[in-house]
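There are two complexes below, and they share chain A, which is joined by chain B in the first and by chain C in the second.
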Partner chain A sequence: MYGNLIDALPAVLSLGNIFAVVIGVIAGICVGALPGLSATMAISVLIPFTFGMDPLVALGMMAGIYNGAMYGGSIPAVLLRIPGTPAAVATSFDGYPMAQQGRGGYALQVAVVSSALGGIASALVLMLLAPPLAKVTLLFGPTEIFWVAVFGMSAIVFLLGGDIIKGLISAAFGVFVSLIGVDTITGYERYTFGHLELLDGINIVVLLVGLYALPPAIGLLEEVRDFDTQNTGRLNTTSIWKAIPSMLKYWKTWLRSSVIGVFVGILPGAGGSMAAFLSYNEARRASKNPEDWGKGEPEGVAASETSNNADTAAALIPALTLGIPGTAVAAVMLGGLLIHGLQPGPMLFRDNPEIVFGFMWQFLFAAILLIFLGGALATNSFAQVLRLPRPLLGAIIIALVFIGVYSINNRMFDVYLMLGFGLIGYFMDKLKFPLPPVVLGLILGGFAEQNLRLALRIGGGDWSILASSPTAKVLIAMVLLVIVSPIISRRLRARKASKKVAA
Partner chain B sequence: MNHESNAPSSPRSRRLDPDLIAGIVIVLAAGALLLRTAGMPAMTALLPVSMLSLLVLLGIFLIARCLIRLKRQGETYVPIQVFDNARRFLGIAASIVLYVVGVALLGFYTTTAVMIPVVAWCFGYRSLKGLLLADLIFTGGIAIIFVLLMGQELPIEFFLR
Partner chain C sequence: MFKKTLATILLSALSATAFADYPDKPIAVIVGYSAGGGTDVLARVVGKYLEKELGDDASVVVKNQPGAGGQIGFTSVAKAKPDGYTLGTFNLPAALALTFDRHAAYDADSFDYIANVVHDPNTIVVSRNSPYRSLDELIEAAKAKPRSLSVALASLGGNDHFSALLMEAAAGVDFNLIPFEGASMARTTLMGGHVEVGTMALSQTVGFEDDLRVLAVLDDQRSAYAPDVPTAKEQGYDVEMGSYRGFVAPKGLPDALESRLEAAFRHLADNQDLRQELTAQGNSLDIVVGEDYRELAERQSDIAGDLWKHQPWK
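Right, the complex of A and B next:
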C-alpha cells in the first residue's frame, strides 16, 4: 500500500519539482501576507498558468502556495493586527502585543517554526491515512458514490456554519452550473442558449477565477486603507537557528495543536480558522499562566499557527480519496487536479499513483521549506510586502485574471463568462452566501448525476436501489446526521442560554 | 460611502433590503430556467428540475424571512450593507469592462500597459515613478513569459493585425 509512496519520491526530488515548491512557498507567503488575498485566490489565479506544465510541477506550486499562505497570514496579524488570512485571526491575539513590545521578529519566528511543524504533521497524516481510505472507497459502486457526493455537499452546507438557506442556495447554484452543456447520455443540450462554447459545459477554472480571484481584486481597489507599517521596520530578529532552542518548551502545544488541526482539517466544512481558535483555547486552558495570554504570550502564536497549518494537508484527505473537498482551498485544488485530467477519488490512487503520492511528498517538503524560506532574513523581507500599494496590486491581479482565463481556450467568451461569475461572486460574498458550496456543487453535481443515473439504470429504474446496500444505508444515515446535528446543537445551545437567563 | 442610504432607520434602506432583492432575482431566474426543462427527456431533466425547484423554494424562503424580519423588527431592522462605496464600485466595474473591451479591440499588451497605471492612479496610488516601473516590469515580464517562453498567444495588438 505504501510502496507507491516510496516509488513517487525520485520524481518529486527532480530539480524542476523542488523549484516549483520553492516558488510556491515564496509566492504563498507573499500572498498570505497581503490582507484581502488568500491561498484560494492565489491558487485560482495560478491554475490557468499551469496548463502547459507537468502535473507534479503544477501541484507542487499549489502545495507550496497553500503552506506558504497559511504562515504568510501571520505576518500582518503580528505586525498590524490585521490577519492576512481568516486562519490567522487567533495569531494576532498574542502576536500583535509582542510586536508592540519590540518582539515582532520573535513572534514571526515562533509562527514560522510552528507553521512548519503543523504542516509536517499534516502531510504525514495525509500519507498514512489517504492510501487505506482510498482502498476502502474503491469498493464503492455508483449508489455509494452518489451518496458520498450528497454527503459532501450536505457537510459543506450544514457544517460550515452561517446561514443554511444561503448555503443551500449556493450548493444548488453550483450543481445547476455543472449541468450546463450536452447531456452525455442523451446528447440533449442543456442551457447552452445556442452557444457552441457551452457545449462542453463550464470550465471549473472560469468559475473558480471568477468567484475567488476577481472579488478580492475589486476589494483591493475598493478599500481606501493605509496600513501603519511602522512595526515592519523594527523586527529585531536574530538567526532562526539561534531562536529555535528557546521554543522547544512549546512541544506540548505543538503536539496538541497538530492533533486538533489535523482533526478539524479532515472534517468537511471546518477550516483553518476553526482549528486555530480551538487550539488557542485549549493551549490557554492548559497553560500555567493563562492571565498572560492576549498580552504577548509566544505560546499563543505557536498554538494557532501550528493548527492552521496542520489543517492544510489533512483537508486533502477527503478531497483526494472521496473527491469531497473539506475547505475552499481544497475545492480549488481539486479544480487544479481536474484541469490536468486527474479525477479526484479512489481511482486517482490506482491510475496515477506517482502523481497523488508525489503531491503528498510535495506537501511535506513545502512544510519543511517554510523554516528555510520563512526564516529570519526572509521574514524581514516578507514583512516589506505589506508596503505594496493596494491599487497597483488590484490592477495587476485584474490583468492576471484575464490572462489566466483567456489562455484556457484562447477565446474571449471565457473572459465574459468569468466576469459574470465574478459579479455573482462579489454579490454572493457581500450578501454572505458561502462560496465553497458553489465550487463543490460544480465538482460534485455532474459526478452525482452520472452515478445516480447509472445506479437507476442498474436497478431498472427502481429508486429503492439507492438504499439497497448496507454502505448506502450508512451513508444516508451520515447525511441525515450532518443535516440534523446543527439543528440539535442550536436547540441545545438555546436551551442552555435560556436556563442561564432563568438562573 | 453614501451614509444616508445605509442609515438603519432610513425607510429607503428597508425597501432595498439586498436579501429581499436576491430572493426575488433567484425566484425569477430559476423560474425562467425551469420553464426551459419542459422539452427535455425525463432523465436529462431530473437534476435540473430538482435544483431549479429547490432554488425557487429557497428563494421564496429568503423573501419570506426578510418580510417577517422586517415586520418583527420594524424601524430597528438593519439590512446587510452591500457597498462600502457604491460610486467606487461602479468605477471599478467600468474599468474592468473597459479593459476587457480594450483588449478585444486594441490588443492585450497595449491595453494592459495603459490600464495598470491609469487604474492604479485613479484608485489612489499616485507615485508616477512607481507606476511606470511596475507597468514596465509587469507588462514586460508577461511578454517575456508568454511570447518568448511559452509561445502562448494573447489578443493580438491592433497595429499588428
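Right, the complex of A and C next:
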C-alpha cells in the first residue's frame, strides 16, 4: 500500500519539481503576507496558468503556496496586528505585543518553525491515512456520499461565526449556485436561461476567483493604506539556528496543536482559522501562566501557527479519497486536479499513483522548505512585501484573473460570470457575509442533492436504503453527534451553573 | 462580358492555386471537450499524423471549447467558415442525439463528414462479485424482478443510455436506469457493488479486469481487447451500440479540399504507428471515410431519434 509512496519520490526530487515547490513556497509567503490575499485566491488565480505544465509541477506550486501562505499570514499579524490571512488572526494576539516589545523577529521565527512542524505533521498524516482510506472508498456509494455531504454541511455551523443568519444566507446562496445547470438525473435544465455555457453548471474555479480574488484586488486599489512599517525595521533577529533551541520547550504545544489542526483539517467544513482558534484556546488552558497570554507569549504564536499549517494536507484527505473537498482551498486544489484530467477518488490512487503520492511528498517538502526559505533566508525580506505599491499589485492581480478565467474554457462568458461573482463577493465582503459557507454550500449541497436522489432511485424509492449499509450507519451516528453534542454540552453547562447558584 | 469571363477565369485560377497551397496556415480542430480527455487526446494524436499526411508545412492546432456535453464545440464547427481551416471532432451518437432532447443550432446536415477514426463498443458489465455470469442469467433475473435491476449510466442520452434501452427492447425487460455524472463515477459505483449492472464502453473496462466482469460486447464482432467476451448477438440479443469519434468540417467544404482531406485519412487507415498509439490508449482504429461516414452518422441519428420518440428520457 505504501510502496507507491516510495516509487513516487524520485519524480518529486527532479529539479523542475523541487523548483516548483520552492517558487510556490516563496510566492505563498508573499501572498500570505499581503493582507487580504489568501491561499485560496493565489491558487485559484494560478490554476488556469498551469494548463500546459506537468501535473506535478502545478501541484507542487499549489502545495508550496498553501503552506507558504499559512505562514506568510503571520508576518503582518505580528508586525501590524493585521492578519494576512483569516487563519492568522489568533497569531496576532501574542505576536503583535511581542513586536511592540521589539521581539517581532523572534515571534516570526517561532511562527515559521511552528508552521513548518504543523505542515510536516499534516503531510505525514496524509501519507499514512489516505492510501488505506482510498482502499475503502469503494464502500462509498451514493447513500454514503450523501451522508458525508450532510456531515460536512452540519459542520458548517462551526464556520458561521458571529452572525448565524448571515452565515446561513451565504450557505444557501452556495446551494442555489449548485442547482444551476442540467440536472443529470432527469435531464431538465435549471436556471440556465438558454445559455449552453451554463448547462454544465458553474465551474468552481470561476466562482472562487470571483469571490476570493476579485474583491481583495479591488480592495488593494481603493484603499491607499500607508502601513506603519516601523516594526519591520527593527526585527532584532538572530540566526534562526540559534533561536531554535530556545523554542524546544514548546514541544507540548506543537504536538497538541498539530493534532487539533490535523483533526479539524480532516473534518469537511472546518478550516484553518477554526483550527488556529481552537488550539490557541487549548494551549492557553494548558499553560502555567495563562495571564501572560495576549501580552506577548511566544507559545500563543506557536499554538496558532502550528495548527493552521497542520490543517493544510489533512484537508486533502477527504478531497483526494472521496472527491469531497472540506475547505475552500481543498476545493480549488481539486479544481486544479480536474483541469489536469485527474479525477479524485479511488481511481486517482490506482491510475495516477505517481501524481497523488508525489503531491503528498510535495506537501512534506513544502513544509520543510518553510524553515529554510521563510526562516533562515528571508524573514526580513518578506516583511518588505508590505511596502509594495498596492494599486500596482491590485492591477496585476486583476489582469491575471481575467486571463486565467478566460483560459479555463476559452470563452468570455466565464469572465462575465466571474465578474458577476466578483460583484457579489465585493458586497458580501462589505456587508460582512462570510465566504466559506458559499463554497461549502455549492459543493456539499450539490453532492447531497444528487446523491440522495441517486440513492433513492437505486432503492426504488425506498427511504430505508439510506440506512442500509454499516458505513451509512456510522456516518449517521457522526452527523447526530455533531448536531446533538453542542446542545448537550450547553445543557450540562446550564445545569452546572444553576447548581452553583443553588449552592 | 469579356472582362467578366476573364475575371472568372482569374478567380478560379486563383482559388485553384489557393487549394494547391492548402494548407497555408494552421488548421484548427475544435474539440468540444476539455484538454486531457479522451476526445482531446485523440484529436492531438491524429492531428500529429494528419500534419505529416498533408505535407511539409501543414500544422494542426487543437482548440478546446468544452461545455454542454460537447454541444458548444459542435455548434461552433457547424457555424465556422467552410474553408478547410476549421475542422472539428465529432462524437456519435452523442453529437446528433442531443439535437433531439434539447434545442441545438445544428443538425446532421450541418456538416461535411470527413472521416471516423475510432470505434468503442459498449458492453454489458457487472462487478466481479456479481452472481451473474452470463447475459442470459442477467436477463432472467431482470425478468423475475422488473424495474429492480439497477443499471449505471454515464449520462442521460448517451451511448450508455442507448445501450441499456436497446437491451431492454431486445430482451423484453425493464431495468432501473441510474444516470450518473460521468463514466468514472458510474464505474466506481458499479465496482463498489452499489449498482448491479453497467453498460460502459469497452475502453472503460480495460485495466479493470480484476474488478469487473464483461458479459457481452455490443458489437457485430468480438473485440481485440477482450477476445474471450462474446458479443450480445452471439448470445441471442441483437444489440449494437458504441461510440464513434471522427472528424467533420462545416457544411460547404470545396470538393477539392474535401477529397484532399479524405485521401489523407484513407492513408491514415494503413498507418501502423497511429494504430499502435491509439491501441495503447484503449482505442480501436476504425476509419470510415466520406459518404460512408455520412451514412454511419445518419444511422446513428436515426437510432437515437427512434429511441427518443418511443422512450423520451425527459
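Everything that follows uses one rule, which is that the second predicted complex is superposed on the first by the 340 of 503 C-alpha atoms of A that agree within 3 Å, B and C clash if a C-alpha of one lies under 4 Å from a C-alpha of the other, contacts with A are read in each partner's own complex, and residues count from 1 in each chain.
Please note the rule applied: a residue touches a chain if its C-beta (ideal position, glycine included) is under 8 Å from a C-beta of that chain, and two chains touch if they have at least 3 such contacts.
Every value quoted in this text rests on a predicted model; they were computed, and no experiment measured them.
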| item | value |
| --- | --- |
| First (chain B), second (chain C), both or neither touched by A:419 | first |
| Contacts of A:445 with chain B and chain C, given as first, second, both or neither | first |
| Per-residue touch tally on chain A - higher for chain B or for chain C | B |
| Partner chain in contact with A:485 - chain B first, chain C second, else both or neither | neither |
| Contacts of A:458 with chain B and chain C, given as first, second, both or neither | second |
| Touching partner for A:432 - first (chain B), second (chain C), both, neither | first |
| Contacts of A:392 with chain B and chain C, given as first, second, both or neither | first |
| Touched partner set for A:410, first chain B, second chain C, both or neither | both |
| Touched partner set for A:188, first chain B, second chain C, both or neither | both |
| Which of chain B and chain C A:498 touches, first, second, both or neither | neither |
| Those residues of chain A which chain B touches in one complex and chain C touches in the other | 185-186, 188, 410 |
| Residue numbers on chain C that touch chain A, as the complex places them | 34-37, 63-69, 71-72, 75, 101-103, 147-148, 150, 155-157, 176, 178-182, 184, 187-189, 191-195, 207, 313-314 |
| Residue ranges of chain A in contact with chain B within the complex | 52, 165-166, 168-169, 172-173, 175-176, 179, 183, 185-186, 188, 190-191, 214, 218, 221-224, 389-392, 394-396, 398-399, 402-403, 406-407, 410, 412, 415-416, 419, 423, 427, 430-433, 445, 448-449, 452-453, 456 |
| Chain B residues touching chain A - in the complex, by the definition given at the top | 18-19, 22, 26, 33, 36, 40-41, 43-44, 46-48, 51-52, 54-55, 58-59, 61-62, 65, 80, 82-85, 88-89, 92-93, 95-97, 99-100, 103-104, 108, 112, 115-117, 119-125, 127, 130-131, 134, 138, 142, 146, 150, 152-155 |
| Chain A - residues contacting chain C, complex | 51, 137-143, 184-189, 194, 196-197, 199-200, 339-341, 343, 345-347, 351, 409-411, 450, 454, 457-458, 460 |
